[in-house]
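Look at the two complexes coming up: subunit A is in both, with subunit B in one and subunit C in the other.
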Partner chain A sequence: MKLSRRDFIKSQAIAAAATTAGLSLSTTQLARAKDSDDDEDIRWDKIPCRFCGTGCSVLAGTRGGRIVATQGDPDSDVNKGLNCIKGYFLSKIMYGEDRLTTPLLRKTDGKYDKEGEFEQISWDEAFDIMAEKWKAALKEKGPSGVGLFGSGQWTIWDGYAASKFMKAGLRSNNLDPNARHCMASAVGAFMRGFGIDEPMGSYDDLEHADAFVLWGSNMAEMHPILWSRLVDTRLTREGSEVHVLSTYTHRSFELADNGMIFEPQTDLMIANYIANYIIQNKAYDKKFLKDHVNIKKTVTDIGYGLRPDHPLEVKAKNSGKGKLSNMSFDDYAKAVSKYTLEYTSEHSKVPADKLERLAKLYADPNKKIMSLWTMGMNQHTRGVWMNGLVYNIHLLMGKISEPGNSPFSLTGQPSACGTAREVGTFAHRLPADLVVKKPKHRAVAEKIWKLPADTINPKVGYHAVLMQRMLKDEKMNCYWQQCNNNMQAGPNVNEEMLPGWRNPKNFITVSDPYPTISAVSADLILPTAMWAEKEGAFGNAERRTQFWRQQVSAPGESQSDLWQIMEFSKRFTVEEAWGAELVAKMPEYKGKTLYQVLFKNGQVDKFSYKDGTVKDQDGNIYQNDEAKHFGFYAQKGLFEEYRRFQTEGPKPGHDQAPFDTYHKVRGLRWPVVNGKETLWRYREGYDPFVKKLNPKVKKGDVYFYGKPDGKANLIFAPYEPPHESPNEEYDLWLCTGRVLEHWHTGTMTNRVPELHKAVPDALVYMNPSDARKRGLRNGAKVKLISPRGEITTRVNVRGRNKPPKGLVFVPFFDARRIINKLLIDATDPLSKETDYKKCVVKIVKA
Partner chain B sequence: MTICSLVVQAMPQNIEAVNESLNAMNGVEIHAQNEYGKMVISIDHPSREYCSKAMTDMTHIDGVMSTSLVYEYQEDLETEQTTKGDNE
Partner chain C sequence: MKILLNILLLSLVTLILQTTSVLAEPVYSLRGIVDVNETSEMVPNRRSMAVDGGIEVNYEDQPPMIPHGIDKTRITLNENSCLSCHGKAYSKIENAVRPPKSHYRTRDGRKLNQISTGRYFCTQCHAPQAYTKPLVENSFTN
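Presenting the complex of A and B:
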């Protein structure tokens, strides 16, 4: 029994791998393991992975109310049956020993006390104290007195409900996601360049491209499954090559045909040099430029998103400005002509032959190129500019919006696209690329949400970093954080974050499954149902929307973010939230609660729910705790209402399929028209909106319909120096990021004993000569000190990351060493995204 | 008991050396491979922790470009059999 069972499972495992790899063995279909294995009573169902933005689909095996196994989903187009090592441990992320199971409030002698100890309380008591504090803040400060900080890990309906609650319910735009820290620069560049967010291409480009250029992305560790697809193309396609740009050597360099280490910030020069090379060699696509591109320049000297009284902001001529103006091609050519090979090589410290090889690759009309980037380009005080400079190269060559020619911004979170960006949970946004400052856009939202005219606040709210400053300055007094660990992930923790959280005038609520640094820094902790414990939907980096069913129940009294928001909305009457004047415009709302107006509005509660509503194709029945509690299928109602923004708003091209479709498929890439997904946008033949919006378009031609004249913007931006650079005292650059085994702040991966043991501590990776100069051996205990804070850790000079002289790398997953204490809260002035990749430090023996 | 299967991608010029390194690992077997360096591997070991470490270790073998997991099964056979005995 024991032996045969082992052999059986093993043969299944091997067959699955062979099928996935396309290598010959027997091709047993393994997806439904239970069919061939009567011994087991495991129910298998699809669910997207909880971690990065790749959006791998996994099959989760549930037995006895617990997820006991996961495997790569062979029917998924994204990961084709594969999983990375984090995916391997997915089944364990919900079962950490310190899972929170009841609300906890800081109390002394049975009463709320900011300085008290956490005590268990009921949900009722939790919402009582929270409502009391929120109402007081609203009364004193108005809508700007409260704020909700959400996440690119929220499900689509978590984010949609949050947006509705804050923007329609409390009339406050103080709603921002942690995706601000990760994707805002990408969004900014998409909107400026193309007028619609998110990549034009898809992951299919990984199989269509001849060459790949990584700009500030360590895909080998951070997006391992996409990396395996890239590796496959590189190793099997004749003439395929990989170029990697970074400020330090990492695992992706092992595959690189042309690896380039550049001095931080000089990526701005490198991209302009490539444009210059293309122009000097007359390699650009004249017709494409004439037909499809407007050339613009952006105002310069825009500061670093610091507090307005910071000397760098005072000094900046155009602090925070992003105005574009027209530029002729000749002026553009002249502007980039400064970035010669010699100049760029000298400043970037990349050998000239390497730079030239990269430029030649882009300039070769016969090479299809996929440019890929993540945080190296986004977490950059000139992130919007830098994203734009890469689009410039693709636009110059016309290498865009077709298979294999693809500038592609990768994402770090599972629903940075689906929730933060598409639902628009940013301080300036509404769903489907609408914005709060445009009256027409607000009117669309007010109509769909059945609100009185002028309910939505036209004033842009506080963004991620500003929220923290406003807490510290007592301008915002109530803050609710869901689905992220900002106290570990935000910048300049000790100077700009913790003081606001612990200020007695402020009331901080954190919803979390685990006692993270954020949770224990709060006043009220709400235990949260996570991932498979609720019905959910994520949108990945290639515009793919994926749904899952609730697989298991959450422990104790944990409830989903959606439940928490909807339940909390019951605590406010419209009079309290809106004021009598606005209510008078819609007297039928008189005396109603926000819950009634926002969620029991005849739309969100349209779909009834009883046990058995959620079923898979095999007839397995799934629970839906929110639907059961509220008495209607909330997820479906919210999604169907949200979809109206895609078709009734003034911005076309966002269409998603009806709710029920997504439970049957492995995701679809929007725009979805007549059930058909779109793999390449803006090109006739691939994107149905091109012909619809430009009936005269020629076959196979491009039409950038996000802009009124159908043309994309090529936007010139020069090199500008970073916010700070190493000096005599702080003589090193610090770059932060992730490692393969851990995801972000480690809230989930650190609860998996195997992953924790594999990489327990955040080490400082440094160049051996920098270590020697300071008398440090491998493993030596050191202090890392910046002008803002310090941590103690150990040196690694032989690890997977190999920084050049003058730069060190520290990952941010380690809650015992909060590296973000050292970071400056400098942001891209346009996107407000923090620069996590460069600040100054010194290292001394500890 | 933990059994998992993986797809490993190695640089074609390193296939032999990678084969040797993989074969030297406890519980690791190579079941198929092609000329582009793609291999089907299994790890069979009582400890799940060992399997995850082996997966990480093979990622760091010179010439290995990527390691992806396909299938993973884990159960405590001892517990399982005790439970079964009780039921019968």
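Presenting the complex of A and C:
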């Protein structure tokens, strides 16, 4: 951190104090502000926020080995010094007094006992019992007997090491991130439509677009800093407008020029109606379609990702299928012609004039449009289809891959993109968009990882929901969960999660900084270093990779996820993990541990480390506990090895900058070529890969190089009904989600007193007439019941969320009210992402 | 409260354990003693805090919490009722906190006469506080 920055911050602070002096600050506050102002021993350093996928940068102030303040980073292009309420309280997230500080194992009479009480143990004992259980499961079931459930909150190297340990080490593809619950549908649509994951545009579109359309996204609460940029444009640009689509009224409607409440699932109709409108009015861009787009259709009647014996799966003709076939433009036009204004308005219950206004906006060739979406579209039993239908609109109009014309899938986790997607910690993936089922892709990974041929298992592993089913069914016996709280965040907790965890045949390990409900439901708890307690890297929703240095030490014996994975790998010999046959292909590995083969292998350990290796531009020295422990700069070695996938693999356009660069900059958006980031992909003039891969493309023209013929897929998909709908007994829709002040399951934010006091409880938001009908007033005590579980809470009919008749909303941050007990584990059959936005419930007085 | 007691107990137990080297200790989530498969007790009725002179901040750049309820406040495309007291021009209430200078700048740092439109939705950073205890004590110090 430069001194000038510190001076700037100081002057800002003085200004802030002066402005508010005498108005709100008490004398003690002023005194303290002055004190710390004079305090020269606070070290300030950049670090990305720990919460959502926006990727704001903050400045963390450290003194005496503790974070003592945080503030928005003025040098960050993402947030320019601004944070949301959660970001401003990052300083407190590590200091909840119930931090876990030693490994804990359920024991009776000094021995592991599934029914025993948690007792403190050493790391050695923790890995002893874990290795014993994992080896037994591997022996009995093979690689599918064990699984690791990770996170879009993992750092890039946490995820990369996990992928290497599971896929190369244990030859198991039972590795999935909780990002499956939030981003998998977006990924599916990117791969089907464009052949490369992640948005073509960037946050800069927020300043370039004329109009914004929110499809199932409450940005005002979930992406407040991006929302503030959008609001800025809406309120300062002539003719700017905001359209918001949702199944209930929320804070983003406060800015809406055209707010639309639709019946759950009918977004599929609305998107097809817009395409129909564009075609009927001949507004589409003929040349763009001809040059850059293939028209396809997807097989239909694909089920709901439930267990195969569920009546809905048995009934579905093409359960789980996603095959595409060619379609002529005329056939496409005919297919969408069913979705007329009248038909769509009748079924969606959105007034016709509002729908038409939205369609006209998209059809106007002179309006630059940014479409934005998050969980409303992804957590959808037709999430991949729905993502695709929005791309269809942009492709029809050619409104894509240029400033302001931008279909933009937002992410919910800080490194859902950087780790879960780019590193490829999904059950079907390898780094840099490679997949386990393709022999060529496996061969690339085996070469870079220095493995014998055919080490990597070609069989796709268990995804998030399937892991829980397989635990319950005793097909998978060992499960390790890192960096997330799936017992609270996963669906159908009572029927499909808890039984598998508490099944005596299974051994469950949870790594977490805090005693979450996942941790207390496990057999072994590993205390985990978090956020500023380790060196890290996240990748945000606009392809921006951001690094941070370790600011402070973790409490007690806590260790990072990376440390835990690397240490655990020491417990397996290649013979145990691979079998003698495979080892014989590379005899030099004989008798070695997975640690020696995967990490201390002359490649990952090639960057040496000693105190003083990690320094900032002012010469401040930072610790790196993992590097010190292992004796080499593990994070750098892992990252540099990972980068090889971007250039040596068959999928171009993923290049990142060298490791050291990222410690100096406020992140860079990949592909990074010659130090230059890419703001808009696929368009010549913005994206260096266009010319590189097709020299014939002229400046300003588009080349979708993720597909072999350089063309994107426009994919027709029809409306299909939801997996369940309100009936006589369960007469309401339940939609779940977040609130601004809390993040996900509240593991961190519930422990910040100010955030807890801001929103202490998960209430049920409902329509006043639905409440009256049940004899309920605002604040009434109720029980919410679904066929799968129940919670108690109070009614809110005047809150920030205002559902229409027939729908209620409950947030999922509150550990004391596990709303996900009520959910059905229905997923998008293609992406396997759970639908958290619709299931049936009833509400009775409690 | 129950959780706080538990934590107190827990730390006591830990103290005892350190001297006697017995290692058993209860581990509670934010559900306290209520198991995952049970139903938690009912949410108490909450009220927003009303604090004269404002709620103390932890450090300079922390947005102050709102020391009053905001049930009747409206921020929409056409009105921002926070600013009718807190805005420069429309101060209805004399001691309403004025936003600091940082709020009168564009994203790029240019000075403005009015509050930046990028900061139009006050509740992105500022929230009222309910009368309730923390679920878990926090040992942050500034």
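What we mean here is this: the second predicted complex is superposed on the first by the 808 of 846 C-alpha atoms of A that agree within 3 Å, B and C clash if a C-alpha of one lies under 4 Å from a C-alpha of the other, contacts with A are read in each partner's own complex, and residues count from 1 in each chain.
Criterion: contacts are C-beta pairs under 8 Å (C-beta built on N, C-alpha and C of every residue); 3 or more make two chains touch, one makes a residue touch a chain.
As the structure is a prediction and not an experimental result, all values here were calculated from the model.
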item: Partner chain in contact with A:F89 - subunit B first, subunit C second, else both or neither; value: both
item: Partner chain in contact with A:Q71 - subunit B first, subunit C second, else both or neither; value: both
item: Touching partner for A:K317 - first (subunit B), second (subunit C), both, neither; value: neither
item: Which of subunit B and subunit C A:K334 touches, first, second, both or neither; value: neither
item: Contacts of A:K676 with subunit B and subunit C, given as first, second, both or neither; value: neither
item: Subunit B versus subunit C as contact partner of A:P515, first or second or both or neither; value: second
item: Subunit A: partner with more touched residues, subunit B or subunit C; value: C
item: Contact residues common to both interfaces of subunit A (with subunit B and with subunit C); value: 9, 12-13, 16-17, 20, 23-25, 68-72, 81-85, 88-89, 220, 224-225, 227-228, 231-232, 235-236, 254-255, 740-741, 753-754, 757-758
item: Subunit C residues touching subunit A - in the complex, by the definition given at the top; value: 7, 10, 17, 23-31, 34, 36-37, 39-43, 45-46, 49, 53-54, 56-65, 71, 75-77, 95-102, 106-109, 116-121, 123-130, 132, 134-142
item: Residues of subunit A touching subunit C in the complex; value: 9, 12-13, 15-17, 19-20, 23-26, 28-29, 32-33, 36-37, 61, 66-72, 74, 80-85, 88-89, 91-92, 95-98, 104, 107, 117-121, 220, 224-225, 227-229, 231-232, 234-236, 251, 254-257, 487, 493-494, 498, 515-517, 519-521, 525, 740-741, 746, 750-754, 756-761, 763, 779, 781, 790-794, 798, 815-818, 846
item: Of subunit B, residues touching subunit A in the complex; value: 1, 3-7, 9, 11-12, 31-34, 36-42, 44, 48-49, 52-53, 55-56, 59-60, 65-75, 77, 81
item: In the complex with subunit B, residue positions of subunit A that touch it; value: 2, 6, 9-10, 12-14, 16-18, 20-25, 30, 68-72, 81-85, 87-89, 220, 224-225, 227-228, 231-232, 235-236, 254-255, 740-741, 753-755, 757-758, 800
